[in-house]
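Across the two complexes that follow, chain A remains constant while its partner is chain B and subsequently chain C.
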Partner chain A sequence: MPWVEFVNVVKRFSDVTAVNNVSFSIEKHDFFTLLGPSGCGKTTTLRLIAGLEIPDDGKIFIADQDVTYKLPKERNVAMVFQNYALYPHMTVRENISYPLVVRKIPKGEIEKRVRFVAESLQISQLLDRYPQQISGGQQQRVALARAMIQTPTVFLLDEPLSNLDAKLRLEARSFLKHLYTELGTAVVYVTHDQAEAMALSTKIAVMDNGCIKQIGSPKEIYNEPANIFVASFIGNPPMNIIPCKISDRHFLVGEQRLQLPIPLTELEEDAYLGIRPENIQIVTAQGDLRAQIFVIEPLGVETIITFNVDSFQLKCLAFEDDIPYKPGDMIWIRFRRDKIHIFDKDGNRIQGSETCDSH
Partner chain B sequence: MQKKYLIGKKAVVLLLIPALILISIFLIFPAIWVLKLGMTNETLTGIKAREPDFVGFENFLRIFSDRFFYNALRISLLFVFGSAIVGQAGLGMILALLTYRKSRRLRTTVQSIVILAWIIPEVVVAYLWIAFLDKDFGTLNVTLSWFGFEKVNWFYNHPILTIVLFNTWRGTAYSMLLFSAALETIPPSYLETADIIGTSAWRKFKDIVLPNIKSYIFTDLILITLWTFNVFTPYLLTGGGPAFKTELLPIYIYRNAFRYFKIGYGSAISTVVLLINLLLAIFYITLSRRKRT
Partner chain C sequence: MKDPKRLSKIISYIILAPILAFFVAPILWLLVTPFSLRPSLFISISKPTLNNFIRVFQNKTAINAFKNSVIISVGVVLLVTICALFAAYVLSRHYFKGRDILLYILVLFSSIVTGVAAMVPIFMLNLRLGLIDKELGVILTIAGGMLPTSIFILKDFFDSIPRSFEEAALVDGSSPLQIMFKIFLPLSSKGIIVIAMLVFAQSWSNFLIPFILLRTHTKYPVSIAIYTFFTEVGVPDIGMISAYALLYTAPVIVMYFLVERKFGFSFYGGIKG
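This part shows the complex of A and B:
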């Protein structure tokens, strides 16, 4: 049985459908991420799990129980909000112990459990301070501690890293991943940052406009995106999507004919070709397409090279130290044969397109 | 690094001077004048109106042996406690909490109704209440008699209750609006976290809402206490009667200064009331500044 399950859940706010017929299931060991642009319904989905919103249609199960119309407190979940929601008039110790105080747990027991979670989150030295006296990263840990001490069935995290600055965010991300192994139960995580989702999750649901576009492991999402939306949302820089025509079993990109036979039958005229930046090579001999370099951005380890192919702009990642080109140069580019994705004119992946390699 | 201000210090002083002059003329100077008047036996008419004698603290000694002063003080304190603290602040808080996190339309409707009581001119309001509470034909008694209750002579039998209810009705809007605005400053996630934890409604109020709007509550209490202490409108309802049972301190001052023409004595009482107000304000401010333990 799945640990958390959504069955055809719908949530409307007056005339906006925030969550549209969403179904998924999460196992107990999953770090499940809801990923999508702002306004896609990911936070609403999280609030539906918490019981802060009641669905208009569908069913929600947590640990085999139908919780669709249950109050938040009857679901045994713990949530960390984007702003952490630490009570400013309580010390860190009071904040962490508050859930247990409310549940009338004996003082000695509370003291013991506060010490335990504070130690595992490395905030023992902060217990007597007030939230406004500690840093953002520390506040986030206190919020996590307050969630952990409730020993919930599911942890719900709503963009917990987005209030931290870039450097701290990376640190907190690693810590969160480490912490997850200690939690021993499912985590549902909401973010708009694909890197966070890839780094942390065991399972990702990519959402757009209230619908789930794809669910899968980070690897599946990255290597076999189900549609153009997922393909262009994941990865940095994102996948290149090139509108093209197919005729005589070959791609036509603008005026150029791609020297690439397609093993697939039943292809439509119009299609999209997808290729990730790291799978494009610049070659000296004749390659697949002729391109003109537009701009070169060195980032240390890698270099992003942007070039124009007819009216399209593509990005490629190069890992060499010296790039012997400058903007304006005409070059040949070559696609890694086994990394080409083909999408039909509605943007859906054509199954089997990853086996383009006919050599 | 030197802090940058919008305008220089000299300019600030210069701009403040006109305001300071006006405040001095209309507030500070009259207050001192009242203090001075309180030490004379000046009257409104007669020989002492032209040539008042300086009598020192005689007026003040007389106040403290005047049973009408203690009567007025007692009624004023009852009135402030009943209509301002329990009535306006209490009811205002309840209304603000009831409409908190509810639909915008409900809140607007309740607020509009409550504000109506606040924006109608005082004299009109007084007549509305006289009409409402009239012994024979008042709306309240007529309604009560439909349900088989006996008619009540509100002004005669429950004079203090009458003015307390009147002033509560009249002033609740202010507290409710202030508390509603204060509640809006609490991030929704504070209460949602509590919802998920399973905090009861009372504990949510006590542990989360109250500490977060404490300063607003004290501001409200200072203001409405002082306003209520100095309010004169109940005079339009009861004239201080029957038998001085609703004679608040301002009405007591009015009776002495303008009915009995003893402007000197009235000024002395005013000074005492001023000191009581000051004490109340200091009391609230110390209470609100008390460090958390």
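This part shows the complex of A and C:
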């Protein structure tokens, strides 16, 4: 049995279906991330696990038990809220010990565990302050401490990094990944930031509009996106998606013809070609497509080059120090053969397209 | 450059000064007259004396009225605060059909209930219930009039407290009672104290309802008893009235400053409009 399982769960709010027939299963060692744009139902899914919402349909299991209609306190989960929800009238120490106090754990034991958790999160010096008196990063650690002290069956984290500034966010992300190895149980993590999801997770569920679009390891999600939505949500910059026609086993991109044999025979005429920016090369000899450079954005290690192919705009990543081009230049570009994705006209990926032959 | 500005400032002071005097004069009178040897309707400073206060404290009716006022006000405060707390909590945290309409209708009618127009029905109601000349009747009537507004204000205040604190406590393993006493009440204490103060000030100064519902003079609260301070010939005893009036306003003012110092609040948060 999986550690946490959703079976066809539906949750509606009057006329909005926030979670639409969602199923997934999480193992005990998983760092499971719900990834998707704002309003897609991530928080609602998390609240369903916590028991703060009751599903309209479907079943939820935690540690082999049907918890669908159980109260939050009967589920033994710990949650870090997006705004941390630290009790403002309690000191940091009282906040952290609260879950143990309401469970009537002996005082000595509470003190011992508070000290241990505070040390491992490096907040020992803050214990007597109030939440309003500490910084955002420290508040986040206190919220984590309040969750960690409980030894729950599953940790639920709702965008815990979104309230931190960019620099602190990277730091906190590494710390979170390190912390995960110490938790020893499943984590369900909610974010709209694909980089966070890629960096932290063992398993990602990409959500859109209340539905799960794909579940898989970060590698699978990145290398074999199931549809255009997932493909264009993951990666920075995201995958280039080019509407094209397929005829006579070749792509037609605008006026140009991409000389690319396709091993597939059953194909509709209209399709989409997907290629990640790092898999496009600028070549001096004749390549796949003719393009005109639009802008060049050097970012230190890499450079983002945007160019126009007919009426489409593509981005590519170059890692050379000097880019010998300037905006307006006409160039040839080449796609890495084994990295091309083909999506049908409904946006679903056609299996096997990444294994197109080189010609 | 500066002249038009200065001119408008001078003009505004000229306009403001008499208005200020108009409002300050009665307060000044109230602060000065009780200590005056020959109290009159004018503000006149003479050698200070506590004679007027001693006379108040020797007057049985005066002291007794104080006791009655305390009984009525404390009763109303307890009744209104506790009922409003529970009602406002439910109205703030649970949605049901017609909730908002119910709220507005209650507030609308509450101003009628305590208004002069409703005095006859209120009298009849208390008569039927056998509550004429009883403190309970006064307490229930004043409380009934204040409850809707109190619920409304308190609900608005509760709405401003994010639910995530209660939800966090729920996931942290609390029972409903633990959430109420460890999380919700401490977070909303300011709003509850504001309501208690408003209710106290209003019931302390209420004249009409005890005047209509009470028959026996010994049950009169201060607001009524203060009218009995006439000398035999029917001339008001200004010295005693002013001393008594100062004592009468003192609790409300003292209470306000105490709470203000403890919580440092001005009327803020949930209370809009």
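Points worth noting:
To be clear about the criterion, the second predicted complex is superposed on the first by the 357 of 359 C-alpha atoms of A that agree within 3 Å, B and C clash if a C-alpha of one lies under 4 Å from a C-alpha of the other, contacts with A are read in each partner's own complex, and residues count from 1 in each chain.
Here, a contact is a pair of C-beta atoms (placed from the backbone, for glycine too) under 8 Å apart; a residue touches a chain by one contact, two chains touch by 3 or more.
All values derive from a computational prediction rather than experimental measurement.
Applying the stated clash criterion after superposition on chain A shows that chain B and chain C collide.
By the document's definition of touching, both partners, chain B and chain C, reach A:A85. Contact with neither chain B nor chain C is seen for A:V19 once the two complexes are overlaid on the shared chain. Judged by the touch definition given at the top, the superposed model places A:L121 against neither chain B nor chain C.
Annotation: chain A residues 50-52, 71-73, 77-79, 81, 83, 85, 87-89, 98-99, 102-103, 146, 150 touch chain B in one complex and chain C in the other.
Listing the residues of chain C that touch chain A in their complex gives 162, 164-165, 167-175, 178, 182-183, 186-187. Residues 50-52, 71-73, 76-79, 81, 83, 85, 87-89, 98-99, 102-103, 146, 150, 156 of chain A touch chain C in their complex. Within the complex formed with chain A, the residues of chain B that make contact are 187, 189-190, 192-200, 203, 207-208, 211-212, 292. Of all residues in chain A, only 50-52, 71-73, 75, 77-79, 81-83, 85, 87-89, 98-99, 102-103, 146, 150 touch chain B in the complex they form.
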